[in-house]
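One chain, subunit A, appears in both complexes that follow, with subunit B as partner in the first and subunit C in the second.
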Partner chain A sequence: MTTVQGSSVDNAGSLLTRLRQFVTAHRFFDILPILILVVVLVVLALFIPNFFNSRNIVNVFVQASTLGLMAIGMTVVMISGGIDLSIPSVMALSAIFGAMHLRDGGSIFVSCLIMLTVGIIAGSINGFAVAYLKMIPFVVTLAMMTIASGAAIWVTNSVSVPVFDEVFFDLILARIADIPRPIIIMVIMALIATLVVRRTLFGRWLYAVGVNVRAARASGVPTNLVIFLTYVISGAFAGLTAIILSARLGSASANMGNDGVVLDIVSSAVVGGVSIYGGIGSPLGAVMGAIFITVISNSMNMMQISFFTGLIIKGVVIIAFVAFDSLRKQ
Partner chain B sequence: MVQGTQINRFNLTTLRDFLLRQGFNVVLVVVVVFYALTAPRFFTVANFISLLHAAAPMMVIASGLALVVMTGKLDISVGSTAFLTTSVGTILMVRNGVDPITTLVILLAIGALIGAVNGLIIVVLKISPLIATLGTMIIVRGIGLEITKSTTISLPEEVRRLGNASIGPIFVDILIALAIMVIIHLVHTRTSFGRWLIALGNDQDTAARLGIRVNTVSFMSFVLSGLLATIGGVLTLVQVGAASPSIGSGLEFTAVSVIVIGGISLFGGEGSILPGALRGVLILEIIRNGLNFLGADPYAYRFVNGAIIFIAMYADSLRARLPVTTRTFEAPDTPKSG
Partner chain C sequence: MGNPYLEMRGVSKRFPGVQALTSVSFEAYAGEAVALIGANGAGKSTLMNVLGGNLQSDEGEILIGGQAVSINSPLAATANGIAFVHQEMAMLPTMTVAENIHISSFPTRAGIIDRKAMEASTAEVLTRLGCHFTPDTRIQVLSTGDRQMVEIARALLSKPSIIIFDEPTSSLTSREKARLFDVIRTLKTEGVTIIYITHFLDEIFNICERATVLRGGSTVGGGLLSELTTADIVHMMIGDVGLDTRSAKHSTQQREVVLKVTGLNRRGVIKDISFSLHKGEVLGLWGLLGSGRTEVARAIIGLDPIDDGQIEINTGSGLHPIRPREAQRWIGMVTEDRRNEGLLLPMSVKQNMSIANLRGLLSRWKLIDNRRETELATHFVNRLNIIISSLGQPVKTLSGGNQQKVVVGRWLELNPPIFIMDEPTRGLDVGAKAEIRRIIFELAEGGAAVLVISSEIEEMMALGERYLVMNRGQIVNELPGTSTKNELMGAAAGAAQME
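So, the complex of A and B:
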């Protein structure tokens, strides 16, 4: 029985090898993701008349901004060859601590500082464990995810912490030339992050570590420091996201960072061309991916496809993109 | 003087090695003793039976996941698989009046199919198991939520009664779970399939050169994982008495923790079902059960779980760096070659 299955599996394997050769041989496949995006947008324009109405577009971009920021953090970690599953739960925990401070009459500045600091601390613990204790990124951040969401549930007893502060809302959500600040923050951060990874020494080290840690270490790259910093950066982005999201929702709760969010982040990065094998991708791509994922969710909403069918479609999209990614890169 | 320090250092090293090798056993003993002293009703036969009853589904699910992890891969779709199959089963029985035995057969087929899909995606498309099963985890949960419309559906009365079926004082599901663990343990230690799993986990390329059908072995490990996740789901379903969206949610992460606490290395090639995986299940369940007795804040469980996983992972990473000789000593179940 095993032999029969084995041979069919192996046959499929050889077929895939031919497919892989075909894909790598044609430049056309490099622009396939953009092509898919264009097709999706055309379909949306045809089927949902309201989709391209400016209010909805702004709405989509605001929704995408928090996902995009977290995807930037994830991208930095993924370029170095790691993964950070704890981003959403750390984000929720920071938002809760910040919101509690604000609720108890603290200042906005300190609340924001608390949110950033909690994110950075959690990121440092992740980074220390991965870089210096040599623990597996997946399990370290899995543990951090459980700890942070556990702490979030524990601190709040699963009740959301309200944030009612007009000044805070204004500060974070105000529009500049009709564009809400979260979008501007996302774009600026994406540009800065892309410049950092593309044009600085740290960026070069980052890709070197992602392509081959041993080779990077042999050529004098402080690999442990680089890996450590990637997690600190993703923690800081989780904190930044916490500030924006708690202002947008007007509350902070453990549910902000539910398991579904981490999947959206990974999908954004992967769809945006970041390889989970490390060494490939850019923050700008991940932000594009985040917008794409949000467009999918938003349009399925408008087409009144159920949330659950949406999950199925998202799962298929992720697998398809990663399959494509691995076809291209092997 | 010099000699003295050397002896001292030697003792420290042996102590460290001992703790690393026996760390989880030490934790288990300390936790049990602590609870026995602080919670009067903890150390009773009745409590241990109810503890095993609660742990039974995880024993089965963890055994399946262990097979995948031993090949150095990961299957995080087990929770969703348990959820989808139990939802389908409940709907078949309640709405379509299918009898329980037929339903069980259908569910096992679905579970194996999900495992097969995982296996094919990973083996054929060469996608990282983490991302592949992340994808199927979302898809399978989506399908389950769609067909149940995210509602709770009660089991028929006569099936629900099975949840408390017991032989003497011992619940039947404990016996089922232990029997499955023994079978998987024997598959792991006594069959060539078990040896191939370990070979794959140690070095897939070498295994392939030795003529092992690595693709088939990986594929089969995912099928078995899907199958056992289904059985675990069914045990949960019968205990709970209803199919609900909460079944299997977050279960994949608990199962991974169980695996690691059980001393099965996520790097693959190492660890055992008995006593390894069983020990992992018991430690987590005992800690939860004892916290309950101590009247701890139930909201703190998840936090404590996370901390335990973190410590377990740290110990695992330390152990992975121990010399090979001590590792062989650690895992007496590793079959000899040939």
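So, the complex of A and C:
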């Protein structure tokens, strides 16, 4: 009887092994996310007549731009093998401080600087705790998320801070060749970030740390510094996102960084081919993922699928991609 | 002597691209220990994995007690009385000895673990092994030797008639080793068949009756050990390749000091380490396992923190004190554990080779210069004779020898004045070992200073021009390059007995 048990376990094991080999052996799977995006787009074009209307497309891309920027920050952290759950709440807190300064008659430049600085400070705290105090990224950034959203509500009394400054709107939202600036900023940042991770010292160190931190250290990589910087960078991207989102919404509030946003960021990264296990992925991929996630939300909206059903669908998509990620990880 | 209790006949196994076993025959009698010997890649593990049910052979048959049996899973192996004592002990440190031993088959009563029965059967096995800890001891408080005993206890639980020991002594002290041998002798008198895999030839003469030698996946010889000498076995293992001969030794008197370590301390690990390393010198750091050799190396390059002490490096204009974290700019260290603390396994050969030298590859725009990265990697792949299909090949797909050369190549790219090689040839076959040693010689001839750590005395003999002997975290002796094998062995063993 024991032999029978053994062989059935073996069969299940070998089936999974074969699936794994198939996934790792075929380069086709590297472009799977893009392929799925194309299929989804075709389906949408068939079922939603207005979907490819240029206004809707521009709209989707503008929506995706803030998610995309945050996903770039998350990607940098995830490549190093960490995670930053505090991005949306830090983004909201940054936006609130910046908007308050603007509301009280401060200059646009200083407001933007405040937003970036708040993000960078929060990121530095995360980075210090993870890199030097060797704390677990999940716990540290979860705590930072709670702190930042608590502070955001405390400072604003849950009332949103209005941003009424035409010059600010113009500066951030104006179109260049019919393309709104947020999209351009996202694309440029994605390109710069991709160049940085692919071709600079920091980038190569980043992947090395994500692949094997001990081996990286033994090869002379300043691993603590690299890990610290990843959180500073994600904080900075949270600040940059705060600038764009507060201009787009015309206000800043604690609600900007609600719980759903962090899920969207992680989904964007994972769908875009960034590995939860570290060492794999690119910012450009994460931006593609952000567009994909936004398209799904947007189209479900247009198909009048309820918000809650939408959450279920998103959850399923994420599990599918994480399953794929762990298959790829031999 | 009658018929063999275990017989493997004409076993062949092919992996994609490699014929791992070619019609191998192996036999063992009840109540005796058979040594299974061979260089790395000779097929020992493959053969034992076939016997243990982890692999299926393509051809061949297995007979136990004269009956042909089919072993198609580890469970089937257990059912046929075969137990495996693994080299790398996979244990759950926070659980007790009894729990670890029973982890795959807890005795239950009405679905609840029967703690009493579990501890009783554990106590019985532990008494048999002469262990003094109780079944409810947590693994984490046990020494390596005691853990090895737990591993054996786990194997004994199924009352096996065949026990495979895979390198059981590699992490044991001499006292623990003696205890292990006593246990093996007892098992033999109880009629158990022992298959003993090891690299240490002195052990097999001590504990085994017969030997089977594999080379390149085939049985190349064997027989009663009472009729064989060490030289015979080495000859069977490596074929007609000449053994390493000792290199010419130079005087170290006039050469300048490139690394000077003074009073290095780390509480409970290393104590008062002081020495100098000269240009063009190969200095051997010698001592038994656990004497603190690796810890000294790690402290010097800043991988582990130090409490106090000074490290000075000749950076071109005389000796300057440096902070440990900076040391890696002048010292290339090949770590002993290349898979976990050396290679970036999923990354390419090229990226693995450039990782230590990225600062030297930056272009004007602070970007990594792809062309120079490729050129340098190509250069060192050729120089070290690394066999790869392309520079983009992931390192994890290379053989052990080629992987090790990639690690060495990484530091050659940086071209530092000092190298530390911690077990540079561990796990490599004879050919790759010789190549790595040749590279070490070339480095020293080229003016680099090399600190070598090795557990293999032959390697130490072949490489060292001078030896520092370590024990319990301290340097206790210095020996000249002309020391004999006995002197080196004596120094390490004597140091360990002093206390």
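The rule is simple: the second predicted complex is superposed on the first by the 309 of 330 C-alpha atoms of A that agree within 3 Å, B and C clash if a C-alpha of one lies under 4 Å from a C-alpha of the other, contacts with A are read in each partner's own complex, and residues count from 1 in each chain.
By definition in this document, contacts are C-beta pairs under 8 Å (C-beta built on N, C-alpha and C of every residue); 3 or more make two chains touch, one makes a residue touch a chain.
Note that the structure is predicted; figures quoted are calculated from it, not measured.
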Inset, instruction - Classify the contacts of A:49 with the two partner chains as first (subunit B alone), second (subunit C alone), both, or neither. - result: neither
Legend entry - Which of subunit B and subunit C A:208 touches, first, second, both or neither: second
Inset, instruction - Figure out whether A:279 sits in contact with subunit B (first) or subunit C (second), or with both, or with neither. - result: second
Inset, instruction - Using the touch definition from the top, say if A:129 reaches subunit B (first), subunit C (second), both or neither. - result: first
Inset, instruction - Kindly classify A:315 by the partners it touches after superposition: subunit B alone (first), subunit C alone (second), both, or neither? - result: first
Inset, instruction - Tell me which partner A:200 touches in the superposition: subunit B (first), subunit C (second), both or neither. - result: second
Inset, instruction - Have a look and say if subunit B or subunit C is in touch with more residues of subunit A. - result: B
Inset, instruction - Pick one for A:216: touches subunit B only (first), subunit C only (second), both, or neither. - result: second
Inset, instruction - Determine where on subunit A the residues touched by subunit B overlap those touched by subunit C, and list them. - result: 2-3, 5-6, 10
Legend entry - Touching residues (chain side subunit C, partner subunit A) in the complex: 72-76, 78-79, 303, 325, 328-329, 333, 335, 340-347, 351, 354-356, 358-359, 362, 366-368, 370, 410, 414
Legend entry - Sites on subunit A touched by subunit C in the complex: 2-3, 5-7, 10, 195, 199-201, 204-205, 207-208, 211-212, 214-222, 279-280
Legend entry - subunit A-facing residues of subunit B, complex: 74, 119-121, 123-128, 130-132, 134-143, 145-146, 150, 193, 213, 215-216, 219-220, 249-250, 253, 256-257, 260, 266-267, 297, 299-307, 309-310, 313-314, 316-317, 321
Legend entry - Contacting residues of subunit A [partner subunit B, same complex]: 2-3, 5-6, 9-10, 12-13, 16, 83, 129, 133-136, 138-140, 142-151, 153-154, 157-158, 259, 263, 266, 270, 276-277, 306-312, 314-316, 318-319, 322-323, 326-327, 330
